[in-house]
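Below: one structure in structure tokens.
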């Protein structure tokens, strides 16, 4: 219940934050929904916390042309309740409403969730399906990394030391695209046993899967089959192929794979029904 | 003294009244144990074993002791003389391991306390725990009770290599003849998994020692303040009269606080050593690891019957997972299962054999239902299995075997005397409510469409109102004192120690009716051994049936005294007392309760042979248990793709005798049912083979959330208990007991077309999916 | 918890076998190990600072090599303990030559205890796999670098 | 290292010097003396510690007090005004939405947020909204009734 001691800074600007984060042992704190429980269990013990949760610079939702730009510090609730997101990126609205609970969504941020890269988190499925771009910043540098390169392994991302996510960039959904996020909920924690995010239009299909393996991934093999057959069952049948499936008391590896197939099929069908 | 108009007060018993205790709870002004702050208070944090079984080679506390702010660090050898942690149950030949408050040289389960740090601040105490170095030599652990008593298992306690704590046999009737005459015998292994009670408030203790008075006060989140006082005094070698136990607001117990734990004595020890108050609050992780678990049964049932469904005999081999130690009632719990094993059925031929198995796990003990849910689950599953075997309707087979209404009091083959019953009534009511016969038709249609729809029934009985003293380990009576203050206001002191059951309200309802006062003119005090006469506590659905009855009898005594004073004041030979007024019907003159109370305290004049004041105490010994019963009916549908179970309808018809407050009874049933659903569908305490508790937090131990459960339709039949004058039977555990078999019966019914005949709990989607896959293969 | 898997390292088997028992190489490849000291025949003690994203912890541990059958296989016994829990692993490493490279197959049992086991259940298997993967990645790197 | 924070709690401004690792729940309960919010777990699941920070229901065990610097905090103690209960408190009382009462302060804070955002929720929406608050006593049914009652204007 009680974390180890640490130093705390609440920089006023992003620049100031990045300067502080350049110190070894410094770790960013945004909403803290993943980090603080881990600190309380002493599974994490950062020496210095840089509170980027109150930086207005990181808190925005903007549409620019065919892209949505969401500041990394935007809370789940701000995304969930945003009419712009609902209108232009309904997959994010739907996915985010599945995260945790009201209180967690009030504090947790889009950047924090991405950076934590929990293998059972909801957001990463949508990020994969949306081919989201992450704008990463550090003292003296900025780069953009795509979702497929950003999620590296369990709890591991492409973020380097001192680097934080500044912005998540997702495409504006075109008319005629249907989306769906289907989740099998772990009854205790509320995390996803598996979660499947789908976007489908007459032109393309994108499938993002979370919960199955060490990291969320885009199921390109299933996408290809769907593109050629438009058969949800056939596409879903291969969604877990080759995945190194997680296993725990809530779902064995083989059942998880089965669920991934079922939920993919459901998501594909629902997304297709929403293509309108 | 004037002639007053007598107004008939509205009777409160039976009325759905909102609770008297709620205003403090909804405004955040209640005081739970963690809310207690005292000057100079120290904070304790406990170092616990990370191993299921290990020898302690060394404990180095030097760095912790040197940490700024640390007042003391104690290890096992410092507290060797404290305790042992008491076991109140006795069975012939019971092996009782010495349960030290801190481990001495060996740890027996994950979370076993090894050392305690006491510091000025809880943050410092926590930091210092990390500075203690313990060298362990890990040993092989065993957590499965069947493996534990099987060949080659590592011994939990080296002195008892077979891991058997006790064998217990009970038999009634002529079982062998029953089985020899049987036309059909059904057998099934049925488990009732370990559960973590998970009261929302964890345990907590504050201890304060007055060095001048040599008096110890312990605030503890417990269901049994008085028993704790007696036992903690023994553990500490302190004179009982100088130990006071205060139970502040208690955030739920469900049996898990019907116990005396190491920490209560340990904090007393620390306070006495240091002469400063000390607080220990259990973390959730500690609660999962170190507060008792419930259930933990492996049951082998056999039922012998005639082809027409008449049950002839029941055999049970019960393996109880005890854990590493006996807590207060650990070995007694499975004996309650045996008492309850014939359920509501007219079957005298019963045989049960219990093996109590030591395992490297936290002890099991009373958890909502305590032995009766396991028994009911077993017999109600077996009756369904028998019905399936005989191709009978599950309702029909139950109706055929119920004890008849004219047979009460009914002596069971297990030695109980069922007080009163009308077992068919709730079943019929539940079937009507759920529209059973049309449902079966709907099910036929669903099946023809390939849908897996199930209908499940359970008809349960339970032992409540614990209980006659000879049948309980610590006395089964309850006490009450009722005082009328000089102003006429009424104070009730009950030995029951409620923690959410609403007895401040129900006891006030009883009191208000008897004395003819308003409910706000009554206060109910409990949970402080310095205020309340000795009492037993709240558990085993005994609060109202035993504690409430004690209040009732104290009130009857008090009314005699009221009438004596009334007669004196009215200078009358004969007065009546009702609705708060004594009346001489000859003269029409009357005197109010307040006037009588005032006169009794002023004591200008006393009725002959009567003491001043207006107080009566009653210790009520119940002549028997009370036996509530009921029927639950559940409709489920299983998702063929995933194995998910949807509960489409849940109907609970309970008969808990007379009802004092329907709102509170409904709340008890809802809560009980949801704990039953938790066991049926999600909850399980899982240890791995090395004794690690995998479900060590709410991240993995799934207690039900609001969105996971269906609307619960409740109804009642009313069969008053003859055991007490209130006619109440008890309802705290009913929902839990009735629930799990009904849900499992429903899901088994859904899957019966696939050849499924039994499913163990929790019925996780994966388990169901595997069954469906198995059937497909 | 049973774990198994295989990695291919780009060096011949004899060399791979030798390097896999070289304390300097092991120290380099065990994630977060900053100190490895020989405490007995084929037995080493180490201090590790494990960090996986936000998770971090200090561990002290032991590595022991047993049942060595060069160049085919050996048992690797790893033990680590820290304030958040402990880990014990034993695994059989089987080396098979593959055209100038070596396939290392491992099969073993991992025991995890303490806070990690109680709250990190869903992450345990992936964590173990990840640590092993990191080990072999670093090993491949170290093996192909000229020794200093 | 200590940090000074300035917080408005239940309408009253105050400043305190705190250790950065001090959790908001401990700050409220022990420094400020508001023991209404409770601690039921350490993994941010149970919601007993729920308070409102700047208009949002949050779990105060998953937030450091320093993060609340400059914020407006409302706890269960701040709901009743001039002795008049908040409609949600009143509804929990009327509907018997509590038994042991331990989860209740957090439950009420979340229930209020549900209705602030969705004044006329369906039963499923209410149950879903309460997902971050565990209750072991009531089986939730009377809690759902309480929220429904307030939505129907019956709390007052």
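Labels for the chains are A, B, C and D, by order of writing; each one numbers its residues from 1.
Throughout what follows, a residue touches a chain if its C-beta (ideal position, glycine included) is under 8 Å from a C-beta of that chain, and two chains touch if they have at least 3 such contacts.
Worth saying up front: this structure is predicted, and the values here are computed from it rather than measured.
The minimum number of touch steps linking subunit C to subunit D comes to 2. Chains B-D form the pair joined by the most contacting C-beta pairs.
With centres defined as mean CA coordinates, subunit D is found 29 Å away from subunit B. Taking each chain's centre as the average of its CA atoms, subunit B and subunit C sit 49 Å apart.
For this pair, subunit A with subunit C, the centres built from the Cα atoms lie 31 Å apart.
Remark: subunit A and subunit B have CA centroids separated by 43 Å (rounded to whole angstrom).
Shared contact sites, meaning residues of subunit A that touch two or more other chains, fall at 1-2, 4-5, 41-42, 186, 188-189, 248-250. The set of subunit C residues touching two or more other chains comprises 83, 115, 119, 121-122. Under the contact definition stated at the top, the residues of subunit B that touch 2 or more other chains are 123, 130, 283, 285, 694-695, 697-700, 703, 705. Chain contact summary for the complex, subunit B toward subunit C: residues 50-51, 110, 130, 138, 285, 288-289, 688, 690, 692-697, 699-700.
Per the touch definition, subunit C reaches subunit A in the complex via residues 52-57, 83-84, 115-116, 119-127, 129-130, 133. Only residues 122-123, 126-127, 130, 283, 285, 641-642, 682, 684, 686, 694-695, 698-703, 705, 708, 764-766, 769-770 of subunit B touch subunit A when the two sit together in their complex. Residues of subunit A touching subunit C in their complex: 27, 34-35, 38, 41-46, 116-117, 119-120, 153-157, 186, 189, 191, 213-214, 244, 246-250. For subunit A in complex with subunit B, the touching residues are 1-2, 4-5, 41-42, 184, 186-189, 248-252, 255, 258-259, 262.
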